[in-house]
Amino acid sequence: MKYINELREGENIIEHYLCKSRQSMKSRNGKTYLSLKLQDKTGIVDAKVWELNNDIQSFQENDFIKVDAFVTTFNNDLQLNVKRIRRSREGEYDPADYIPSTEKNIEEMYQQLMAYIKTIKSPYIKKMLEEIFLRHPVISKEFKYHSAAKAMHHSYRGGLVEHTLSVTQLCEFLAPRYRFVDRDILIASAMLHDVGKVMELSDFPVNDYTDDGQLLGHLMIGAELIADTAAKIEGFPKRLETLLKHCMISHHGEFEYGSPKLPSTIEAFLLHCADNLDAKTNMIEDMLAADHTPGHWVGYHRMLQRNLCRSDYE
Amino acid sequence: MKYINELREGENIIEHYLCKSRQSMKSRNGKTYLSLKLQDKTGIVDAKVWELNNDIQSFQENDFIKVDAFVTTFNNDLQLNVKRIRRSREGEYDPADYIPSTEKNIEEMYQQLMAYIKTIKSPYIKKMLEEIFLRHPVISKEFKYHSAAKAMHHSYRGGLVEHTLSVTQLCEFLAPRYRFVDRDILIASAMLHDVGKVMELSDFPVNDYTDDGQLLGHLMIGAELIADTAAKIEGFPKRLETLLKHCMISHHGEFEYGSPKLPSTIEAFLLHCADNLDAKTNMIEDMLAADHTPGHWVGYHRMLQRNLCRSDYE
Amino acid sequence: MKYINELREGENIIEHYLCKSRQSMKSRNGKTYLSLKLQDKTGIVDAKVWELNNDIQSFQENDFIKVDAFVTTFNNDLQLNVKRIRRSREGEYDPADYIPSTEKNIEEMYQQLMAYIKTIKSPYIKKMLEEIFLRHPVISKEFKYHSAAKAMHHSYRGGLVEHTLSVTQLCEFLAPRYRFVDRDILIASAMLHDVGKVMELSDFPVNDYTDDGQLLGHLMIGAELIADTAAKIEGFPKRLETLLKHCMISHHGEFEYGSPKLPSTIEAFLLHCADNLDAKTNMIEDMLAADHTPGHWVGYHRMLQRNLCRSDYE
Amino acid sequence: MKYINELREGENIIEHYLCKSRQSMKSRNGKTYLSLKLQDKTGIVDAKVWELNNDIQSFQENDFIKVDAFVTTFNNDLQLNVKRIRRSREGEYDPADYIPSTEKNIEEMYQQLMAYIKTIKSPYIKKMLEEIFLRHPVISKEFKYHSAAKAMHHSYRGGLVEHTLSVTQLCEFLAPRYRFVDRDILIASAMLHDVGKVMELSDFPVNDYTDDGQLLGHLMIGAELIADTAAKIEGFPKRLETLLKHCMISHHGEFEYGSPKLPSTIEAFLLHCADNLDAKTNMIEDMLAADHTPGHWVGYHRMLQRNLCRSDYE
Amino acid sequence: MKYINELREGENIIEHYLCKSRQSMKSRNGKTYLSLKLQDKTGIVDAKVWELNNDIQSFQENDFIKVDAFVTTFNNDLQLNVKRIRRSREGEYDPADYIPSTEKNIEEMYQQLMAYIKTIKSPYIKKMLEEIFLRHPVISKEFKYHSAAKAMHHSYRGGLVEHTLSVTQLCEFLAPRYRFVDRDILIASAMLHDVGKVMELSDFPVNDYTDDGQLLGHLMIGAELIADTAAKIEGFPKRLETLLKHCMISHHGEFEYGSPKLPSTIEAFLLHCADNLDAKTNMIEDMLAADHTPGHWVGYHRMLQRNLCRSDYE
Amino acid sequence: MKYINELREGENIIEHYLCKSRQSMKSRNGKTYLSLKLQDKTGIVDAKVWELNNDIQSFQENDFIKVDAFVTTFNNDLQLNVKRIRRSREGEYDPADYIPSTEKNIEEMYQQLMAYIKTIKSPYIKKMLEEIFLRHPVISKEFKYHSAAKAMHHSYRGGLVEHTLSVTQLCEFLAPRYRFVDRDILIASAMLHDVGKVMELSDFPVNDYTDDGQLLGHLMIGAELIADTAAKIEGFPKRLETLLKHCMISHHGEFEYGSPKLPSTIEAFLLHCADNLDAKTNMIEDMLAADHTPGHWVGYHRMLQRNLCRSDYE
């Protein structure tokens, strides 16, 4: 397959892409044309269909399409001048090619993460993790392949399990290093901390906030999940439920990032640090990986509000 | 009864008070004495028991006690020199005298508030309000007499119903004045907005934050209550549940005041305005009412971060 | 009349519009053309005049013009390709069609607002209101039809009286509900709070900040108006003047919104709440009314810094 | 005279002081005594009158009194044990000894400041300065000896003229150094910038905020003074009045310091810089002057939120 | 020479400019063209080379080029349609025409600044200034012609010496006006405060941040320079070195502007005020000077976050 | 030895303590007495010497003293009524008993930390670490036993090595987990990040900020140390020096915590996270360890601005 990040000006290509958006437009001289945005897992490219015929009725947004096109440049960006276009047929393309995905082995990461459940000593917490990860109708199916964000960090297929595993491993490293830490609570909170994102964000290829996501957020959704699950487990200690919900709702660490409470227990604080470290370092990695310009500086990171710089020397 | 705000230097009194705190101390010359804080609904006064005998074994903190004492002054504050002291017996005192209470008729306010339930058109919302206010094991009993805060505003018996009624009436006034407002959602959210305080704050005479209160807060507790109640009502629309929970968790209006989401619907925004207006104006009223010094200025309000001034003129 | 929000691609129209801006430009191939912005009360549209002849000398910015044009699309926005254009003649158009205006009855709202003057008990305050609203050379004429803002809220003809009436009615509702409130001061301050906008903002069709508006602001202008009017009323109590000026200058409620003092009296605080509630809720209404896209979410509100959402369910 | 900052433990003194506060108190053993705060221009000291007789009826707060007392120590602070006390008689004391005062020559500074009026070229501005400084019934009398603040900076007799002169001299230095500066506006604004403090702060010995001071502030009072004075001067250009008022209300430079507008003209900006520099540097000088402890560090300055340090070396 | 700010639509020009950027682009119809940005000391203009021939191989970015072009307009901006282009030859142009430069006499300002060295009484400080300004291999050569910023203030050739002189003169004015000021420290700190910019910013024509500039900043670079220089001067008092470094690192005055310490000495505070005043006033001057639109208002200043206004009246 | 945290009311003790402060005071009845603060590694206690004799001439602040005293209570705190007192003689006490100290093995931690030097691959960085830790005249001697802060975290003997080791271990864990990380830079920066505290804070028993500490801070001191050491190592790459200094000055992570630059490299960011996590978690541990009150809540943490809570349940 010819990926979008491999296209070069002047080429003719015949390839399948995902059509993310489609608009009718009129040029200055009154001619109607189609403006599309095509996507695969390596990027996005604009395409223009200047000659409209019946084929353009065959597809809609979020369909896969087949294009025969010439690669040109407009305002410094590549653009496809489409000669022929039609909807792709099932089997002509592999969906995995069109969705950005972690480079790590999802299955392996998922097994590593699930293996932590067996290390939990509290029967109540262990039961809760099993209920949520193994038996919850949505989470047991979707957690493994979900992304961890729309655009910030780990915003690709498998990003949620990658981030969750990383935070959990970091918490395991930290648990024995500080006094007063309840390892069960810390590990369970790490595993659960972003589980609400399965409901907050719809899955690929849409990968956008759901209504519940925007109106409530994954902290609230996660806390409710803990409450509902605890209610199903006989004898689940009320205070333990509260401690787990506290870790959940406080893990953003600051009011302005949407935590209604600041971390007040040592587990809640460590979880916040681990989550923050992994999420932001992933952003830095992504920006360093994406940059191919000469020079040490790789540009301004809007979320982190600073320019980022490579550390090579000599 | 001789209320604490009626005590005058030089008097001898024999009266029953609530003992809020009790500490053994030693004076400079090595003598042990008891230092107490006594409370009734009008205020708090220090008391010292210089001569200790067996009677002091008869009571503990949060007991009612009977004192025979002389009213003196120390560092500008009144102080009781206790001559005799013992635990009060049931029937010797009326608990209502010892707990600060709204000056309005609690029963009447409660009836007015409950009457709003009948005005709700949505059968789902009406059912939810009935479940919570009339059938919830704790709320149906404790809501009526609860305070709305530990120290900020409406921090007295009946304060919760007083504040809730005021916010609901204000929302009723506002509902028809703006377009796009769903009156049912607004009124129900107003009635429910602080219901979580019944669990967040323990009741008088303790009136302090519970563990859940500090670790989760009444917004989270309230949202969970909505979720649990909706789960019990057949066919309760999922999105309606989300909209009500959004009003609940966003009603503090700002991240820094513990709302994990800003008000995004018109009802959520109006509820926030009404709540904020009533709570803060009650603080101003309290400070104006408490001040008896000459001059227009009544002092610095720590929460509002400003000096407050009476508006009399001429 | 064919309003701008009724134009559809592909139509030919002959209509009068207000010309808000006019610029000569040169296309890539060196040809000069005219670029115009045309406005009526429903919106704004770009227009291009490709063939220039003597008619284009007949009009200037802020003139009404008559166009014969074809409706096309450029970059997703409608655009008029103008074939013929000339200045409109008096009588060919109704100015009211070109200025955004409240949908409510201005005359009726104005009468309702003025009726409050009679309810004031203090002869001094009543006199001040009469002086300002009925006898001030500018305000008595312009207040009724003025807008309340350039772009924020109530930014249309009659918006000032609509907002002022709404704030005054809300204050009337609030006045008897809290202790220590001087109703005269509260109602008068509500009526006067934005009166300085008559001088801060020039009238339609320009509707932009005046020099005084930008250098001093309507709070200062309003306070000076109170001072000047009080000076004309014999025996006007000095402290009453101060209290009214305090309500005026503190009604934005926060330093960062340009209030040099925070509300320190209960009337000043209530006025601030009522103003804030009405202004911001109007912004939300406007955004909900303007949106016609599918889905609950209506977009990001820059001033309120959040996404807004409709509350429909089922 | 024996000044308060010269008192030493163990001395007996007979001296006149200003009685700033007076309270009756009762000691633990039930004895009533008087607690006073005595002041002269060098400081404040506590005094206790243990033996009460008729003499204590002879004086009130803000009276001058004569004491015969023994200097002792309590909690590290000096304290006067008063043996005899009575009200001072006119002529027994010189008021100037009891009010903190600038160390510079007030008369000379005042003449220097007034001399600037003659350097103004605009007849309108010159007239305004004459009206305010030479003919205003209150300012012409009180400006010269007033303090510039209650506690912050230049909070002593003559402090207002000292600060105003310093700011004006700095502005004179700056005026020719930057392009586009209207010297008349800058000098006049410097002279006038704190003139409203004459009304905002009552004079010594009280030196506290007036009602107008707290409800309006000296920026508003000053702007109103400019407006009233301009109204009296025939032909005073309206825009010049606006520019002067803009300098006045924006000279605190930030919203949070009570300026409703940020400096938008070059004169307003320079005035703000000069005022800020002189006021804060005066605070630093005061703290350096007051410190007599060994070591370079002189303590934490609450307003400036930092520790201050002397620059001596070697 | 025909400067860029003198170009008018419709002219043919033959002139030399500095080529700041150069990109190959392809038009919609597939034709390749060159897009250039040309600069002289008065501004920047876009240029397009539609007909490509061998001459375009003759130059690169940051070369001087000679163009024969027609001045046209695109999207309201001037644009050069280049007919012929080639690299300029040495001697055909004067580099001084292409770099924005102070309007004042650089040599004279530099002499004035250096003359301050002789006024320093401390032999150690005088030695340090001589070492840095007269003998440092880079600073002694580059300081005189350097700019003081990339874009903010004094961002032109000679801007560094202009700003440094102005701050030093202001400090000299201030030194005798406040008590406790060590003039030597204040003058030396003023002279040195931005010396690190010689290393932080590369020189014209590039005038961009160096790596060290971005990773360390001119405060750190300056402090290190003081340390290194003090190490070379025998007997340099350790505490004096600390005091000078403190002035250096605190001169931005606020943490958020990159000062790791707030000014704690009176010299550090005065230096900060003088630097802030001169830098910001220069920004205001620049904006007033650049504006040629009618009306008093000259636009919104992003750094100062406000609209700026001329003070003309009548 | 009888440690201060083992004292009980009513006991007579004869023991050696460190005298941290000493003041002469006078009681109300005019009698002079000595007020002392005595310290050992477990805490601080007040002591009063009512009967003064020649022995009190024998000691000063920061001397060790021997007291014969009776343990009493004043305002809820223990207090020593001293009967006899004299300066301790060398050998009568073990200094280690009087200085709060880490509970871990300092020697072992120090060896573990130094062992990291051998793992560094870059010869330049390895050389720098050897120069600083093994050969620097002050650091090689004092680093091992120094505290990491005056009061915040790890504010005890050995605290610096404990904190540094913990941060370094965390960085070692993180280094291989993220892409683009230069392990040498990260480990070296972790080892060096607080080394400037050896100069910023004087050693026990004083443990207070030095002048350099307050005027420059340990970030600046540390950066200068890197610069000086690099200058001594032939061929030390200039950019490597800059990268190490950037990690040093940015490790506080925010401007408001005194970092003049935000972390811009991935090593700088990871170091900041690790430092922040370890420092704050240590504060939480300390507060949990110090609390012996019943109930889950252990009080308000001023630095972290929140109440802290134990996680025990059931």
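Order as written gives the chain letters A, B, C, D, E and F; numbering starts at 1 within each chain.
One rule holds in what follows: contacts are C-beta pairs under 8 Å (C-beta built on N, C-alpha and C of every residue); 3 or more make two chains touch, one makes a residue touch a chain.
Since we're looking at a predicted model, the values are computed, not measured.
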Number of hops, chain D to chain F, where each hop joins two touching chains: 1
Any chain in contact with chain A as well as chain F: B, E
More contacts between chains, E-F or A-C: E-F
Same-site or different-site touching of chain B by its copy chain F, using the half cut: different
Listed pair (A-F, A-B or B-F) duplicating the D-F contact set, over half by residue number: B-F
Distance between the centres, which are taken as Cα means, of chain E and chain B, whole angstrom: 61
Distance between chain centroids, defined by C-alpha means - chain B, chain D (Å): 44
Residues within chain E bordering two or more other chains: 211, 214-215, 239, 243, 264-265, 307, 309
Listing of all chain pairs that touch each other, if any do: A-B, A-C, A-E, A-F, B-C, B-D, B-F, C-D, C-E, D-E, D-F, E-F
Of chain E, residues touching chain C in the complex: 9, 72-76, 296-297, 307, 309
Of chain E, residues touching chain D in the complex: 166, 169-170, 173-174, 177-180, 182, 185, 237, 239-240, 243, 262-267, 269-270, 273, 276-277, 280-282, 284-285, 288-289, 304-311, 313-314
Chain B-touching residues of chain A, taken from the complex the two chains share: 211-212, 214-217, 219-220, 223-224, 227-228, 239, 242-243, 245-246, 249, 255-261, 264-265
Residue ranges of chain A touching chain C (in the complex, touch as defined): 23, 25-26, 28, 30, 211, 214-215
